[in-house]
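One structure coming up, written as structure tokens, with questions to follow.
Order of writing sets the labels: A, B, C and D. Residues in every chain begin at 1.
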């Protein structure tokens, strides 16, 4: 069901790889709600994924961008403003990657070049997008920027590695820049802290399935899906949430406010049962 | 601008006194978005306020309720279900009152009967509404309950008195009941932590105007108004936020994430200027 | 090992039932560190427990107090000041009880008289102690008050029931009163959020053992014991922590900052193993 | 007054520049409490400061270290273990520097090389210290590591710039590494979030004096001084806080839990007074 919540609005969506991606769902949903979209992803993601399928479906252009490159970002925003015929209303940042995770390097023995790379791709990219947009005055007053985060920014999850630090600084950047951009242009910047989601990126984390199960049993409403997240993003891009800024918004079926659910402890208890001989 | 976000939805709105009230604005906005509303307030509020004007405008019934009375609440829900022809989709709890504040009793010398009364009216009332609704199975699956809170639940504000404790327990009740009602019926329960708002209740707090000024200068987007809050409530009652539960959501132009803004410290600095003789 | 950290200091310790009690351990430790103690507990606790054994050991008087009674508290403070020959330096509040939990009433169907009782005993008692002490000017400047809490104040634990709300408001009272008493007399007020501890009270919660196991596996340092807590309290009563106030301090081996540990998820995973036929 | 709290303990203290430095006070206090210290700072800080005065006073060696250099850190730890005759018990990390702040570059136009440098010096240095110590197994079981932070990690302060992000990731590193090092060796890692302190580094921030004044009036106990911080650090290095880990501990006279104090709003109100003509 569509409401025309984003009628006439324009925005850039980063990070749609394939139809499992949260960004993909957000793009589809934003299109349904009347928005005009520009899709952007890294060159390698464009090659490996199926973004053109989405682009066709929602009639969007795809612009290849290395989100760590100021030049690429400036080019993206220039082209987007041409396509949009002016400023944009919203941006979704769904970008994250850790070479340390990919190479199986443990957190207590991080490679520091990779660590900088993790932050560059997963967090500084948000700063660069915002800094470039601001320099070019590319976002309309009361525009909305959302970046995707995870509760690992507050609590440690075994195996999430330096992505936890990346999410912590991502949320800090959203606050810091939210202050600057808010006071100047009334632009709001928030992060959504999403349930573990079985995207291509998410599923890659070792032990993802057990964590997803635990998270689902802990959450009174179950894990939030990529589709759920798309709906939530739409509200944050809409004019109905204009005074929400500098927030980290948990979208997780209640997980973040749970200490222990009956369903999870019941399952946990089973682990102590021994098989009869 | 309306989006039909609440088309076909039905809900009870507590706490509309006059057209300054947040609840009043929410009722108007929900009506615009297609919802059918039952209004409820305390007998004295019905006499002192102008709720009938609102009721007429949005074609809603008004039911007098002492929100500390289980009997009254059961009556309200029975009648509402008759009016709605079945279960409801949402509830707004905008109820708060402290006899200690009213009588100017300082926090370190609280009257304990009044203290219980503060909690009974301002916090237990949410538990009672939920408990009664649950017993009568009065809320549809994926229904949404929102209660209004204030950042005094996390940080102490001089003069806010035992209302700070009331808001702290209100937020706890939203979490605790959010777990119970979520796992059973997928009903979500959240609190909105709203900017200081010049309603009849808010303005009554001593020193409100200076605090409002400070809060406004601290918040990059300025204070959120009652109208802003109405828009935000609509998103939380809609189907787009189904997996958000047990959260306290700051709706405050960024205040809660600010330590010190340039505008506020600039004003503060003026306080040290001395007049020339 | 003792350091004379509390040499010459005097304080009241509420809530020592038997040698499993946290308050018992704190009293012993405070005594070792040179403090003079008055012990206080409810009449029924004095009958059921073994507090006299402790009193003898640390040469302390025991004063029976219903902590919901202002009269009793005034009597306690009067007598304590006689014993101490003046003002005191610290107070430990380790008091909690829920009739709803005791009678097995579920959270969504709370008895409201019991609910008020839960708060009266478990939270308002802190306010009453502070209010009485302040009225009688019974605490020295830079004195220290500590109350025991649990992470259920922030996150919902199945079965913890209305004690979660009680702990949330207890922490709020510590903040609210911490502001009042701090600005006037430099008295600091904090809560310690302690690991689940197998005291008589703690063990009574249904499913305590499984939760304790989970909590222990989640916490990198394991659960904090009652003995550990005693050590931590001593630091908070000492002169070394004079500027710490209005804080909720997690003392839990790291639990509160964990999302998922390897040890816990490894155990959880076992729950899915099926027995061979 | 000394308690022998650190008798026989050994530790490295980073960041003592001159007798205004928090690290200087911690070193003095730790020495008084019986600890053996190695002092470390950057070559330029050794030249500009007066650390040798301190070294003489507390009979400590000074080792020059670029805290971004793994080689330097390895050398420091090797030498320290020689001096100590074995493993150490504690480490204080009081290191922070932002080239963006120094060069007056605004947050919305950060130089990204400088940004990486800010993180490298102010946050990754903690990771490197821990990683090196762990690799060399240089910290005893139940050892304690403390890093200094600021509330800007949670709330935005105008002018604090990319140091806010640095403190956010510093606190995340303390959690992430706290998990790893805790489960393996029972080593605890915490951050202290300290009041604005008029050190050489602190005072350099533009508008520091007004912020310090506001912070002091907001805090019921006033700002925590460098001396106060030293006392608090001692408790965290001692054996009395063994189960406190992965925490960010506010040491700020109550500031972090305040929304508005009477003293601050009273001062603020003066800013609106106009001079008589």
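Following the convention adopted for this analysis, a contact is a pair of C-beta atoms (placed from the backbone, for glycine too) under 8 Å apart; a residue touches a chain by one contact, two chains touch by 3 or more.
Just so you know, these numbers come straight off a predicted model, no measurement behind them.
Considering the contact criterion stated above, the chains in touch with chain A and with chain D alike are B, C. Of all chains, the one whose mean C-alpha position sits at the greatest distance from that of chain C is A.
Between chain A and chain B the CA-based rotation angle works out to 180°, given as a multiple of 5. More C-beta pairs touch across one of C-D and B-C than the other; that pair is C-D. The distance from the centre of chain B to the centre of chain C, each centre being the mean of the chain's C-alpha atoms, comes to 32 Å. Measuring from the averaged C-alpha position of chain A to that of chain C gives a distance of 41 Å. Among the residues of chain B, those in touch with two or more other chains are 155-156, 158, 175, 178-181, 246, 256-258, 261-262.
Those residues of chain D lying in contact with chain C across their complex are 1, 3-5, 175, 178-183, 186, 188, 195, 220-225, 228, 231-232, 234-235, 238-247, 249-254, 256-258, 261-263.
Interface of chain D with chain B (complex): residues 151-152, 154-160, 207, 210-211, 214, 256-262, 265, 267-272, 275-276.
Interface residues of chain C, counted against chain B in their complex, comprise 70, 106-110, 112, 115-116, 119-120, 124, 127-128, 130-131, 134-135, 153, 155-156, 158, 161-162, 164-165, 168-169, 171-173, 175-181, 246.
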